[in-house]
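Structures given as structure tokens follow.
In the two complexes that follow, chain A is the common piece, with chain B as its partner first and chain C second.
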Partner chain A sequence: MADYIAKTPCDGLLPQTIGSLTLTETAVDRMTSFMPWKGREKTASKALKAACGVAFPGPNETSASGDVQAIWTGRGQCFILGVELPDGLSAEGALTDQSDAWAVMSLRGDAAVDVLARLCPVDLRDAAFKPGDTVRTEMQHMMVSVTRMDDGFQIMVMRSFAKTAVHDLTETMKAIAARA
Partner chain B sequence: MRINGKGLIDRSTPISFSFDGKKVQGFQGDTVASAALAEGRKIFGRSFKYHRPRGVMTTGSEEPNALVTLHSGAAQDPNMRATTQEIFEGLQVRGQNAWPSVDRDLMGVNDLLAPFFGAGFYYKTFMWPGALWEKLWEPMIRRAAGLGALSGEHDTSRNEKAYAFCDLLVIGAGPAGLMAALTAARAGADVILADEDARLGGRLLLEDEEIEGKPGHVWAADVTAELMGMDNVRVMTRTTVTGAFDQGTYGALERVAQHVAAPSNDTPRECFWRIVAKRAILAAGALERSVAFANNDRPGIMMAGAVRGYLNRWGVAAGQKVAVFGNNDNAWRTARDLKSAGVDVVAMIDSRKDATGEGDFPIITGGMVSDTRGRSGLREITVQSASGDQKFEVDCLGVSGGWNPSVHMMCHMNGRPAWDEATQSFLPVDNMVPGLKAVGSAAGKFSTQAVLEDAHAEAISALLDLGLTSADTVIPTAEDGAHNIEGLWEVPHISKGYKRAWLDFQNDVSTKDVRQAAKENFASVEHMKRYTTQGMAPDQGKNSNVNALAILADATGRDIPTTGTTTFRPPYVPVSLAALGAGARGKGFAPERFVTSHQATVDRNAPMIEAGLWYRPSYYPRPGEKTWRDSCDREVNMVRNAVGVTDVSTLGKIDIQGPDAGKFLDFVYINMFSTLKVGRVRYGLMLREDGHVMDDGTTARMGENHYVMTTTTAAAGQVMKHLEFVHQVHCTDMDVRMISTTEQWAQFAVAGPKSRELLNSILDEKIDNESWPFMACGEVSLSGVNGRLFRISFSGEHAYEIAVPSRYGDALFRDLVSRAETLGGGVYGMEALNVLRIEKGFITHAEIHGRVTAFDIGMGRMVSAKKDCIGKTASQRPGLNLDEREQLVGLKPLDGAQQLSSGAHLFTKGDALTADNSQGYVTSVGYSTSLECFLGMGFLVNGRARIGEQIQFIDRLRDIITTVEVVEPVVFDPEGGRARG
Partner chain C sequence: MRIKCPLCGERDRREFYYQGAAIALNRPAPDAGDEAWNDYIHNRENPAGRTKDLWHHEAGCSAWLVVERNTVTHEIYGVELAEDVKRGSKNAD
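Now for the complex of A and B:
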């Protein structure tokens, strides 16, 4: 019987440090999309909170509790990271395993915002995009989910784009470092 | 010549560079123009058409003459303005549009032919004979005319694009821009202040005047320091705002590395910004305009404001014997500044009879410069006045015909400025660009005091719009002179002989050309522009538009407001395509999507094909195989006789859940899915709303309320979008949820008679034909990893697709392939996959290319009569169900060895091979190892009724003309027994 080796999406690509900027992969063991059934938005949020401590986040918001993070990802849809959700939650909404579908990266450093300002056409100013805020946008030609953390940005791209995403991010990091 | 004690340059930091190979010594703070002027250079360039020697005219980005080429090789950068290019050690500058050099240009012979090169010359001369245009005339003109050239080498420089957001964008950092930015910044607004220059201050750096009792440039430096220290302000130097676009978006070009001696390879050359601003203030100032008089283009003839600008900012006297000629009070400042710096002012010539200026220099009122001499540098001017003609020996002449407010940006959304008689200029009107307001000189305020007051007032008004209240910002006291001007466009032409008065210096357009255009009834300003090419050079007419239309107004007997302006369009300054397309070169052009088996496939030397953004293996070569066909044939045989493995993860997978999931699928597919049993898969076809086929694929019912849809690789995104659309627009009541899981699962096809044997070697619970019959699906476990197994076949063989979470994709792929090899099978690529499906008549997007219906591909009867679906009604239009339509057929060559090709056309035997006789076309071909001949799929008029007919097969591109037999699309194992076995 074989023991299949698991690989992360950014295997062999990260971490990278360029100047004072770092790009690392965040290992995500469990990630599940949750879409409440019709008319059950409120009860779904309560059930989610009861199940793992986080409420269903509003548009462009996240909610967190300990290591569990819920990221709004679209109309009536959020991703819950860091916890195995109980099957019972499917009474409140559609659960779909996304644990292997996304490359999750963290970009840190004082100039992290300048890197993303060259890749994503969204307002990332402190006042407009505070820690805990999230946005679905594009990064170069890829659709991404960007979330502001206390000390940087969490960037999620679909797994197959990992190499291009790391390339685009690191090339921009080099350009930012060269300007400093 | 440098004047001691003048200028804002750092004389303790000398910098040397080369101009046409000659060393030039300048200082920190110099531009190419200021440093070269200081050393006495007169000629900076040659004109476009006539190769006339031309010198510096201005101090800014509007410069029409002093265009130079920087660097060499791949980094060669043509048409850079010497007036804005900062110098650095080792910079190489070359003159352009001249041979061998701008000082001695043999192409200057063109000027002697000038009488033949008038307005519309090309159109008149090169019309006949027409055939010669492309072969002779156009290449000839291209060689003779032009400005700088590209190297032709691949550009290796790095460029960048970026996005920024702010409350208030202030465009230009002269007195108006600084005042507006300061007022808004102190009130707490998020401000971006952008200026073309490396140093903020605008005209304050070029003038000798005071603000709040201190020199203007000191006030500018103080304000700059305050702004730089504020968190809510982003100061962008060397940044030209190039255009105003919808929704408060502005384009801006930042020159990042063009002033740096040895930038690192990672430093971007330029950055193109897209700035989104809630409000914007245009403080772009005004540009001085010339006056048309005979030979007004000699090197040494400059704008009056530029002459004193070079003196005040760079400590450079542009000549040793200088005359000034103007029609307004402002021009007198040049004479006064020069005089007080000790430069010989030969004459102050004012066209106004009642001019009242004073100064310690000869003054001629009511006088005009009517001609000049000095081909390679101004030597003499002729002044006509009431007292007759006088000649003066001068080496520099400052000219001022007044100032044109920079209304360019205000006109980017088709607004037209209004003529103002008092200032003799076009001024912006309200609401030309939503949210953008012109202030200061850009709005026709010409004293510094008026500029500061206007900027302050408009900043407060912008703050009100932003919901902010202004802090107390006191308007400083400044120069407040009147702006007296009397219109003067052209000095009446009194000289004898052939003499030209230039309007557009860059494109060599003279007053004569404009008058000629008017005479030939190109009387509209837009027609005149195109006929004469006035305003069509890189300066986009900044220096000549108003003058030219004034001449046109005169020539056509109209006034200036009636004549109107041409249309200003972005960009305000030339923008390199490299900056606009930054990040899109090479791999930046499109992202690459890789499957989890990519590395294993690369390790096996498989050439890749691109399927959309995905990379998929074409075939897997083995030692001894000479061509792709060798590998492909082997892989096909392997699948037919043993077992093959290939990665099919690129196919779209959509998780569809909810009580109404079945109902929803019934509505998007033409066939029924609500009746599908749990644990079974069904093939489905979906239509667009216009009744044509959108996509096909299989959908598996994993649970009562849970389906997994697969789409083609090509249409995965389109189908996801379509489902969302249908749900959100047509089926809002349905309780159904869907999300892509394409990337969650690594999925592999395992196909061939030994496929079950292979799978049973890795599945934790073995399967057989009872537990997993054809079209069964369900969850499985492999060494404890939870997977999904679907018994589906795209090859016609006994086949499965097995899916595991992507993290295990690489491991499972390697395991499957090595196990397949032990069974006499192995891995196969897209070429073999294609042959296998052609033998079976299975369609891909080569067939469902967007113009075919279910009827055309022989699936008309699949459209369920029991329910409605997207596209059903439209698909029932009679025209979409006619025998005369091209229908899917199989094609087999009569001569077994004959190669077929896709893209070929089909003709009825005996018909002439003309386009209108085409009976159809070929969509897919492949060599069938099973039948030992090529097979094709294609569409043929009334094809299903023509099975057995012999038709002509014509591929003009590949020179294939042969006869094929029309066959059923399914050629191999038509009963389908192999897949069920």
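Now for the complex of A and C:
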């Protein structure tokens, strides 16, 4: 049996440093979407907390416990990163394996917010978007999930968009760095 | 134009996709007759003033919304989740 060589979504594209901005790929070994069945939102959140320590996050919110992160990704949906969820949780909602399906990147640097201001039609400045906050929005024309971390932004796009997303981000980083 | 999504908050129009009149939520009974079904599928008002549309928050939370707006002034009077309108049996036309 041949051993397959796994490539991450941004393999050969990242990391990149432009001026004082850095764009790196974040390795996520397990990512699962969780959509509670209708009418079971509360019990689903409790079951999720019992299974991995994080509650179902509200709109535009995340919850975290240790290395496990739950990111709200839409109406009745969140993504759980960093843990393998027990099958029993499917009694409370639909579980779908998203590992390898998303490119997860981190954008860091003082001007990171200026880069995203050129790409996303949402206010991501400190006053409006605090660590732990998240949005589903568009970056150019790509559906994207942006989460504020303590030291930057976590950006997730579908894997097929990885090259375009890296292109748009790095071109904008160059433009911002040129004005610094 | 900005639409205040009940889940995400106020967002740019670019995130949304327009579907059409919110009459789509008032599906007639299967035996309602040809006239009711003809109206439902083909006939639309074209008001200069208040209208209710269905919008999809495509690049956001993926929810379907009922947006009540004014076609003359572009004022938006209210935005609700289509699910709430449908389940609450609120009149969508």
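Keep this in mind: the second predicted complex is superposed on the first by the 180 of 180 C-alpha atoms of A that agree within 3 Å, B and C clash if a C-alpha of one lies under 4 Å from a C-alpha of the other, contacts with A are read in each partner's own complex, and residues count from 1 in each chain.
The rule we apply is simple: a residue touches a chain if its C-beta (ideal position, glycine included) is under 8 Å from a C-beta of that chain, and two chains touch if they have at least 3 such contacts.
Here the structure is a predicted model, which is why all the values come from computation and not from measurement.
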For this session: May I ask you to decide whether A:60 touches chain B, chain C, both, or neither, giving the answer as first, second, both or neither?
Result: second
Exercise. What is the contact status of A:135 with respect to chain B (first) and chain C (second): first, second, both, or neither?
Worked result: second
Exercise. Is chain A touched at more residues by chain B or by chain C?
Worked result: B
For this session: Check whether A:178 is in contact with chain B, with chain C, with both or with neither, and answer first, second, both or neither.
Result: first
Exercise. Of the partners chain B and chain C, which touch A:151 in the superposed model: first, second, both, neither?
Worked result: neither
Problem set entry | First, second, both or neither for A:121, with chain B first and chain C second | both
For this session: Would you mind listing the overlap between the chain B footprint and the chain C footprint on chain A?
Result: 77, 121-122
Problem set entry | Residues on chain A engaged by chain B in the complex (per definition of touch) | 1-9, 33, 35, 37-38, 76-77, 93-94, 96-102, 117-118, 120-125, 127-128, 140-142, 158-165, 167-168, 172, 174-175, 177-179
Exercise. Which bits of chain A are touching chain C when the two form their complex?
Worked result: 59-60, 74-75, 77, 121-122, 135-138, 143-144
Problem set entry | Complex contact set, residues of chain C against chain A | 7-9, 11-12, 14-15, 58-63, 81
For this session: Give every residue of chain B touching chain A within the complex, in rising order.
Result: 158, 160-165, 190, 256, 263-264, 266-268, 274, 276, 583, 587-588, 590-596, 614, 655, 657-659, 734-735, 737, 739-745, 762, 782-783, 785, 804-812, 815
